[in-house]
Structures are given as structure tokens and as C-alpha cells.
Amino acid sequence: MHNIHEHIEHITRVEGHGNLVINIQDGKIKELRLDIVEAPRFFEAMLVGRSYEEAVHITSRICGICAVTHTTASLKAIESAFGIVPDEQTVKLRKLMFNGEIIQSHILHLYILAAPDFLGVKSVFPLIKTNEDIVKRAFRLKGLANDLCMIIGGRHIHPCSMVVNGFTNLPKKKDLSLILERFKNTRQDIEETVSLFKNIRLPDFNRKTEYLCLDTEPQYTFYDGAIKSSFDWTIDTKLYRDVIKEFVVNNSTAKFARASTDSYMVGALARINNGFDKLNKRAKEIASELGFTPPSFNPFMNNIAQLIEVVQCVDDTIELIEDVLGEELKARIPIDKDVRIKEGLGVGAVEAPRGTLYHEYEIDEKGIITGANCIIPTAQNLNNIQLDLHALVPMIIDKSKEEIIQTIEMLIRAYDPCISCATHILRVEFEGER
Amino acid sequence: MKKPTVAFFDFTCCEGCQLEVSNLEDKLIDLLKLVDIVMFREVMSEKSDTYDIAFVEGSISREIDIPRLEGIRKKAKILVALGSCAAIGGINCIKNFKDLEDVKKIVYGKDAGHFNTILAQPIDAVVKVEHYLYGCPMIKEEFVDLVTSLISGKKPVVPNYPVCVECKIQENICMFHKGVYCLGPITRAGCKAICTTYGNSCEGCRGLTDDVNINSQTDIMKEHGLSLDEALSKFKLYGGYLR
Amino acid sequence: MKDNNIFRPQMAEIINVERFTGLEKRFTIKLKGDSLRFSPGQFVMVSILGIGEAPISISSSPTNEGQFEICVRKIGSVTSYLHDLEVGATLGIRGPYGNGFPVEEVHGKNLVFVAGGLGIIPLRSFIKYSLEKREIFGDISILYGAKNPEEILFADELKEWSNREDISLQLTVDTPDETWKGHIGVITRLIYSAGIKPDNTYAFIVGPPVMFKYVIIELNAEGITDDRMYLSLERRMKCGIGKCGHCQTNNKYVCMDGPVFRYSQMKNLPEAL
Amino acid sequence: MRNQKETTYIANKDELCSYLLTLPYNIYAVTEKQGRYVFANVDKISDPGDKYTPTLLPPKKYLYPNKETLFCFKKTTEEISEIEDKEERILFGIRPCDINAVNLMDRIFSDGYKDSYYAKRRKNTILIGVDCCSPCDDHSFCYSVGHLEVKEGYDLLLKDIGTAYFILMGSERGKELMNKFTKFRETTPQDLEQINEIEKKKESLFINKFKTNVDNLSLVFRSSMSSPIWEELAKRDLGCGACNVDCPTCYCFDVQDRLEFNVEDGSRIRNWDGCMLRDFTLVASGEVFRPGKADRLKHRFNRKFHYLMNTYKKSHCVGCGRCARDCLAGISPVEVVNSLVEGMKVEAPPPLPSPIKGEGVN
């Protein structure tokens, strides 16, 4: 039995900066912690005093990977405060943007951040020499998702055209048709992706926990819904504060969140566990091909859940584009004139690639934001990660030090934590306590 | 010729600019034939202590960032500010216009005392910077031009004229003519006027050109219904460090 | 040439490189194929594929057919790249462009060359030519001012010229070093002592913009009228052939109507000086 | 040149337009864009007629595109290959001001050194003009600068007479085009009368907005070199360069080399530049020759109404009003000219600078 005392600074292949503290003496965990060392960014404070129109510009910059999600959550919060219900066309286009973001984020995670673990390399770069086809495929899929966002929003990272109650730009039908063809032609890339991940061996580790996601819509959705728990309750997102409690654990550097119990998980695995039945046909087929049966309590399965969601999104995108192509797209320009400013409080909740995201704003009668709160998926997952780590380590304690550390990092990575995004809500570095 | 080594670092930011590098997709594969990426925490586990070109993303917003950035500066032959956070301070600077104690309290309440934050600033407020990639996020074409320029010994092309030039070239209807204010006339071009092309105002993410007429811009915004304070506050969205 | 692609450079080879100072190098260049016919005061567009183009004066005498010289200060991308090239390297050349000095007009006249700093580069072409064809010109005086002794270009040649009986050469520097034995101070002082004959004398002045003004006043005082003074201007240039608009100075294109201008004519160009 | 005695024709609008669409050319016509107009590739021609206001960008975007590859190269082998514009196109609906602007550009790009890129595109482009019967909007002043009348440059010039076009042929190419089109008829005296009426009405609709005759402009500008008006305008000027981009006769360009990621393949590209932009005169030493906005405004207006006007004996502003329409600071040539005329001192102007190729020194 060995002793491990490691302080791994800046865990790699995750978004943002997190440190891992492992202290194992004689097989006993003395300390096992994920620290968030990213600089605090104070987004809620930045929002205060700014006009509602600027909220998307500001909150989109919380995270480059989930820019569409933050933008949408922000817009939905404002719309709910103003009492605006966006029309169907807007919702469809937003859903398309979401699909683009989910695919691009999941592919990035699967191929570029996680796959090197399974393929025994330290990053995607060596794969360019050894498996150029894999890398090219990843870029092809990711590029396709980015292009989808581009034709609607101008770009994926910090989209330009998403505003309160609509879009300032409508995609050209020609571009939509072209991208539709490209989506239809992804079949082979998807199959190859599935066979790549079918063959990986995930650690056999299970820990029962609560799974939360937005649900209750008839379809599998990222855009809307009420909060649904695997513990069998549902609640309107407006009341999120009643169920999601943020708290501070002694000796920890981060704010944690809890719902029914001490911890819960959000993200792809939570969504699939809670909404498996709503997946489309091909996604279900692929789930069974990958050996996924819900509910799964293995957090490493999050990777597989992401892959299933990619399939879900690809087919959903095809349907949505065909739908949009069948209608006349109506422009309302300039869009601002449609917005009636009203004093109020609004909550916007959406499913980000990594789980449920909440934005809540208080807006005054001039449209100026007077208060803001954002709860980010990774913040919600942190406690779960911590508890997983504590359950996992005793099981692998006999392995070599390298293997232990590698498995721990893999677990953290499986959650696809987005620390840059989480920082403004997490407590960051207790000065003087180190 | 030995391949130059390249490293990526990030400070306070959304990491969107690094993501944009990965969005180069096939071009990223070409890039790797040209340079050796020795550090890129977001996507690789290897680390290295020497590098020729350092791309630094994000602004400086904590005391402890300063020595880290200085360390990078010492090791790098060429330092590039990657994106507006690093180049002009970017969105992070909004907080500079508030009392920092209040800022901490708004977000962390009674735990505010645990946090250290300083005025957000671009990296050239701390160290010397050779090249700038503006934009939030940075523009891929400019990144390609910069890298090829550095390797071939050419001056990278960084426009020093306003977004209006590119906006006109795209044949957009001017936002002001649509009845909406726009910061295009004072903002550095290079983005191909992407926001106005997609129907939204330019909010100035690339910072000011070297030759702006702020007074005239303010007057025009006032003519379009903004109060002086509102107009000035728009300048602070991304251009905050330029007080 | 005129109807072909006016932007396509001709390839040329560097056949000699010589370092002058820390910043300036002289390159001897030979076109692949034909030879460059030019007159003193003209310039070429030097082109490095992938880097860009820069207008550079030809500094050798036109009589030396088959090859020509340029002298380049390292200041930006093209010029820095050029400095790294060695003998045998290729570069692109377009030109020659510009009007050049009015060589024929001044046959039989006295010549005063006033060069400040890099201004010696375009003047050297004319000076060399006038020394080669010494008999067709009257008195020749060369006045040359540099910042310090290190920045003096063509030093060897200057030494040679200073030994010649048939010309007068005077040098001055702003800041001397220990070894400097010549004049100290601004170039206008040399004019005063150069013994310039007012009649039949033409002056050719090339240097930084600040120099022009004072030199002109001094030469006027020596009796040289505005119509007998020629200046060479430098402006941003992208094409060299009167299209790109960058060098336009009032109604003149420096690349086509200049770079050499008669001062009396230039007085009507408020943007020139 | 238009030959008055030549036979003129009438053709039904729809028939002519559908005929043009059958030709092996790409057709670019005036198309609506959010309340304004642009030239765009179309598969159906529907000209806005007298609802027309000048397109956002002038037709120069086809003859002299913003980004033009001068040549491609390989860095190590120094192989240079030119990219030739092979597109054969018809510009339909170009108005008199823009045709006149093309005529001016033709001279600029062919005088002295001939620009083969422009020449090639110009050769490949058929201009079908549509004449203006009434002023398009308040910003335009084509008549004031003598560019309402168009005498050459077009292949066909159409005059809208309701459901039909009255057709003038301006070139051999235009005649050929018409020869292959069978569905036209010769003009009748009634037609001619109708045309005459339109022309007569036109005279009363277009007025000189300048407080002086266009021929005096070069003198006005020459006398106004030190007018305080430039500094006044500079206070408003944003220096945004929109006016340069929009202008059908602004042709200044920048040249840049671009390299691919392999640092081997590259291209030399020219793109539009503008004299209103500060870096236009910046050189490597850091010096800027027109540092102030007033200097640059003065230069731009002098180019249009003075320098080039002296050389070519024609106003280099064609009065399309694009710069005025799009200038956020509200700087319009009409305003500038008139305030200069009003502010003119009656002193004798300085001697005329010699025209471009005058007093040669060599």
C-alpha cells in the first residue's frame, strides 16, 4: 500500500483551471479535493446596472464553449421578466443553435478531451500522425456543428444574431438546404464514432445519485421544460431556488449545490437517465449498440451518454431544418421595436451540454438589470464529483500511483467540467487558508 | 528550419479564443506541420518550459496573475495577446467602473472577504506584447495571418480603420439607418463586420482604432436617442480599460 | 511592358551584398533576362513574394548596364527580409518608375548636390553619372550631412571623391565621435562655405522633410532661384505607377510626376513640404 | 458615341428581360435589400424603375472588386500564376451617374500604365443602363456635376416608358445583343414624342444644387485650401471611410501578400483603401503625411472637384449622393461646395498648379 501526496495543478483537457489535491496515507484518504483556481469573474456584478440588451453580450462571455446556452438562458430570463413569449420560428431556430452547440461541445469533449485517455496518448496531437482519420472526423463533425450555428448566428462562439424575442438575422434557405445535406451525410462519421467508443473499456464504477435535468416536454429537449428529478419529482424552473440549494462545505474552496440529497448530477447522463424514452429511434438503437441501459449509475458513462445525444441532435437537426425549410421565414427587423420593457424578475433555464443552467435577473422599469444570479452546471456537479472520488479511490487503491491519478483525472474529465464557466459562482481560493 | 514551439496560456476569460483555435479544424492540422504546440492545457496534458511563441488569452484580474504572466514573458520570444480580453481588457473590465468591494459583495455576499481581485487589465499593462489578435472571440483568419507572418518574417495585417469600412463592403444597411446605435465607426475592423452583417449592432469588441472621433460618435448616438450617460456606458462594454 | 500585367515583378538575382552600417546594406542586382534601363533618380519596386513590395531608389549609375545597385535601410518587413538575403537569392523587381533627375537639362551647368541622411542614395546615381561624364558638367559640389560618422554611407567612395581635384566634397555630422575631423552641425552651414556660384547652377536636394526647408532658404540666399532647385520626395507607395493613390500630394503623383520635383513647381503643392 | 440619326427601338420590358436571361451571361441587376438596393446576381430581372435609389455599393464592385488576387505564387520556386477573371456578365439597370463613373474609371485604369485586371473585367461586362427620369432622392445631385447626361460607356441604354423600354445602342456589342433579339420594333413618331416629353419634364425636375456652376468648382476648391470650413467639418467627421468605400469613383487600393498555412503558397491581393483613413499615408518611419481629419477631407474633396477635374475636365464626383446618404456625420458634397462658395474670399487665387502631365521635368 502506498502513500500518495500529490497536488496536481491545472488539470489538463478541461475548460478552465482546477487543481486536484490527493493525499493518501497508508491506503486512507486524508485529503481528496478538486479545487477551483480560476480567477473570479464577477459576472453577476457586471450585469448590475447594464441594459437588458447587453446581457447577452456579457453573459455569453461566461464561457466560449457554451456561449449559445448562456445567451439563450439570458434571453429567456429577460423574456420571462418582460412577459414575452417568443414565436415558434424563434424557438425552432434557437433549438437548432442548441443542437449545434451540443454536438460541437460533445464532439470536442469525446474526441479531443476524453479520447486521448482511451487511446493512451496525452493529447489529440499525436493522433494526427497516427490516426489522422480520427482527428479529421472529429473536426468534420465539429465543423458541421459550428457551421450550423454560423448560418443562423454568425458564429458559434458568442453568436451575433440572438436577441430578445427573436433573431436579427434569418438563415438563408440555400444555406439551410446545403447544411441539411451535410447533416444527412454524417451517417458514416457517426457510425465510425460509435464503433470507436464501443470498443473502449470504461472503469466499472457505480454510485447511486440523484439526476436532475429539464424535462416534461413531449420531446427530448435542451431548450425548455421543468426541473425533473430521478427521485420522481418535478418543479417549475421559476422555483429553482426552492430545490437547488447552494452551500459551502467547510475546508472546501467551492460552493456546492444540493437538491434532495447531498449531491446530484446534471448533464448528458442525467438527461438520458431521466428521458431515455423520449430519444429518437436512432439514438435508442445506438444506445443499445453501446450497451447503455438506463438508468446508469456509472459517471464514466457520461461519455457514452454524450455520444447518444450527438446522434439524437443530428437527427433532430435534420427534422428541424426540414421543418423550417417548409415555412416562410419571417423577418422582424429591427427586432428591438417588438420589445416591451417591463419591471420584473425572470428565470431562464436551459440544458447546456454539461447540464442545467439557470439565469435569473431582476430588471427595473427602464430595462436596467438590478440583480442577477446564474447557476452553472459544473457548480452543481462538483459535490457529486467529490463524492464519486471518495467512493472510487478505495476501489482502486491497490493500483499503481500513476494509474490511480490517471483514473481520478479520467473521472473528473468524464463530467466534462467547465471550470471557466463555473468560476463566477464558485468560491475561489480562500486567501490565507493554504 | 527548426519548427517554432508554441504555447497557449489563459488568464481571466471564457477560453473562447482557444476554442476558436481548435475551430481552425483542418487548418489546425496544417498548423501542426508548421509549429510544435508544446503547451495547450485545454486540449493536451504535456507541459513544457520553453517556447518561442506564447499566445496569452484573458485579462489580468488578480495579483497572482502578474508573476505568472511575467514568467511566461521571460520564457517566450514572442508574446501574442490572444483575443480582446488580453489585448484590450475586454468584457472583464466592466467591473472596473464599480467599487471592487461592492462587486465582491454582489456575487459572494458574506464570503466576499475571501476573494482577491484587482482592476481587470489587458496583458500589455503588465508585460511587453509583440502582437495583438483582437476580437471576442479572435478572428481565425487573423490568427492564420499572424502565424504565417511570424514564420515568414512579414508584418501581420491588423486593420487600423473602423468596422464601417467592412460593413459597407458587405453592403449592410447601416444600423443607424435602421434606428439602432452602433459602435462601428470607432471600432477596429478585421471581423468583416460580422455583427452588423448578422443584423446586430457593433458593440466594439475589437476596441478603438488609433484615430477615432469620440465626440462626433457621441453626438451621433445622442441624435439617435441615447443620453450622454448611455452613450458613454456603451463605450465601456469592451473598451473598459481605455477609461 | 505597358500592356502586360503591371503588377507582375520580374525576377532578379542578388549578385553582391555589402553591409554599410548597422541598418543599411547595399545590394547589387541583376535582372534575370534583360537589363534595367533607368535614369538617375528613378526607383524600382522591390518585391519579396509572401512579404510585399517596397519602393527603393536605384543608387548606381545608369551607365553600368546589366546590373544596378540599391541601398536599403532595414525598417519594416520587406526591408528586413531583404537584409537577410544573401548572394544568389532571388527577388522581384518592377520598374524603373518615376521621372528621375533632369539630366539633359543640366548639361553644361554647375551642380550642387545636397544630401541629408539616406538622401545620398538616390543622389549617388546622379553623382556617379556626373563624375563619369565629368566633361559635360560645370562645377560639381557635393554636400552631405549625416547624424554621426557611423551613419555615413558609401564612405570608401566619398574618400575617393574627396581626393578628386575636379569636384568639391564636404561632409558634416550632427554628433561626432573621437575620430571625426570634419565639419560638425547642420548641413546648411556647408552651403554657406561651399562657394556656390549663383549663375548657371542647379541644386539637387534629397533628405528628410525638415532639412528641405532650411536648405532652400540658404540656397536662395546664395542666389539659386527656385526653378533651379530639384527635390526628391518620399511618400507611401503601393503600385509605383499612378494607380493606388497613396503617394498623391495635392494633384501630383509622387511616383509618376516625381519623385523629383522642381522646387518652383512644388511650391504650389502645400502638401509636399 | 450615340449617333442621333441611328434607328432606335422599343421593346416590351418583360420580353427583353426574359431574352437577356437566356444569354450565356451571369446577370446582375438592381435588387431590393431591406428598403435599399444592391446589385446582385439574379435569375429574374425586375428593375425598380423610378423607385430606384443608388445601390449600396456602386457597380465598381464587379469591375474593380474589393479583394482582387493580382497573382498567386509559390514562395520557394517563385512560380507566379495569374488568376484571370473569366466571368462574362451583364449589369442591368446601371444608372447614368454610375455609367459616367465607369467612364471615369476607364480612363484612370487605362491612362499611363494600363491595368489589365480592370481592363479584363470591363471587357467581360456588358452595361445595360436604365436612364433616370426624375431625381432618385434628396441626396443625389448628378445634374449639378454634369453627370445626369450619359453619352457613352453603356452597351444599351433603356428609357422606361411604362411597359416598354426605349432602347439606345451605345456599342457594337449592344447592337449584336439587339440583333439576336427579334421581339423589338422600330420607334414610331408617337414614341419619340413620348420620349421628348419625358426629357422635357426632366429638365424641370433636376436642378443645380450648387451655388455655382460646375465648371467653377476647381477654382472654388483651389481658393479654399486654407478655408476654416475644413476644420469645421473635421469636428464632425468620423474618419470612418464609408464615403470612400461607397464612392463609384474612389479607386485607391492597398496591396498585401497573404500566405497559406504551409508558408509556401500565397497570393498578392489588392483591396480598396480610402484616403479618409489615417494610415493611408503612413510610412514605415511612422510619419503620416495627412495626419488631421481636415487634411484628409480637403484631399478627398479636392480629388473629386479639383485635381482630377483639372486633368480630365470632368467632375470626378458623379453626384450619386452615396457618400452623403451614408455619412453619419451628415457631410455632403452639396453642403461642402456651397459653404465653400459662400465662404470664398474674393482675393486672387494662387497660381494654378500644373495639371498632372504638364510641366514635365524629364
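Each chain carries a letter (A, B, C and D) given by its place in the written order, and its residues are counted from 1.
Heads up, the rule we're going with is that contacts are C-beta pairs under 8 Å (C-beta built on N, C-alpha and C of every residue); 3 or more make two chains touch, one makes a residue touch a chain.
Just so you know, these numbers come straight off a predicted model, no measurement behind them.
For the interfaces C-D and A-B, the C-beta contact count is higher for A-B. Distance from each chain's C-alpha mean to the overall C-alpha mean is smallest for B.
Centroid to centroid, with C-alpha atoms defining each point, subunit C and subunit D lie 38 Å apart. If you average the CA atoms of subunit A and of subunit D, the two centres end up 52 Å from each other. We define each chain's centre as the mean of its Cα atoms; on that basis subunit A and subunit B are separated by 24 Å. Note: centroid distance subunit A to subunit C, computed from Cα atoms, is 66 Å. In subunit D, 34, 75, 256-257, 259, 263 are the positions where the chain touches two or more neighbouring chains simultaneously.
Counting partner chains per residue, subunit C has residues 50-52, 76 touching two or more of them.
Multi-chain contact residues of subunit A (touching two or more other chains): 333. The full set of touching chain pairs reads A-B, B-C, B-D, C-D. Listed in rising order, the residues of subunit B touching subunit D in the complex are 27, 30-31, 33-34, 144-145, 147-149, 151-152, 154, 157, 160-162, 164-165, 167-169, 171-174, 176, 178, 184-186, 209-213, 215-217, 219-220.
Residues of subunit C that touch subunit B in their complex: 50-52, 76-77, 80-81, 84. Remark: subunit B residues 152-155 touch subunit C in the complex. Only residues 70-71, 73, 75, 78, 80, 82, 108-109, 111-117, 225, 251-257, 259, 263, 266, 268, 270, 273, 275, 280-285, 287, 289-290, 295, 299, 302-303, 306-308, 310-311, 350-357, 359-362 of subunit D touch subunit C when the two sit together in their complex. For subunit C in complex with subunit D, the touching residues are 2-9, 11, 39, 49-53, 75-76, 79, 90, 92, 99-103, 105, 209, 230, 234-236, 238-239, 241-246, 248-253, 256-257, 260-262, 265, 268-271.
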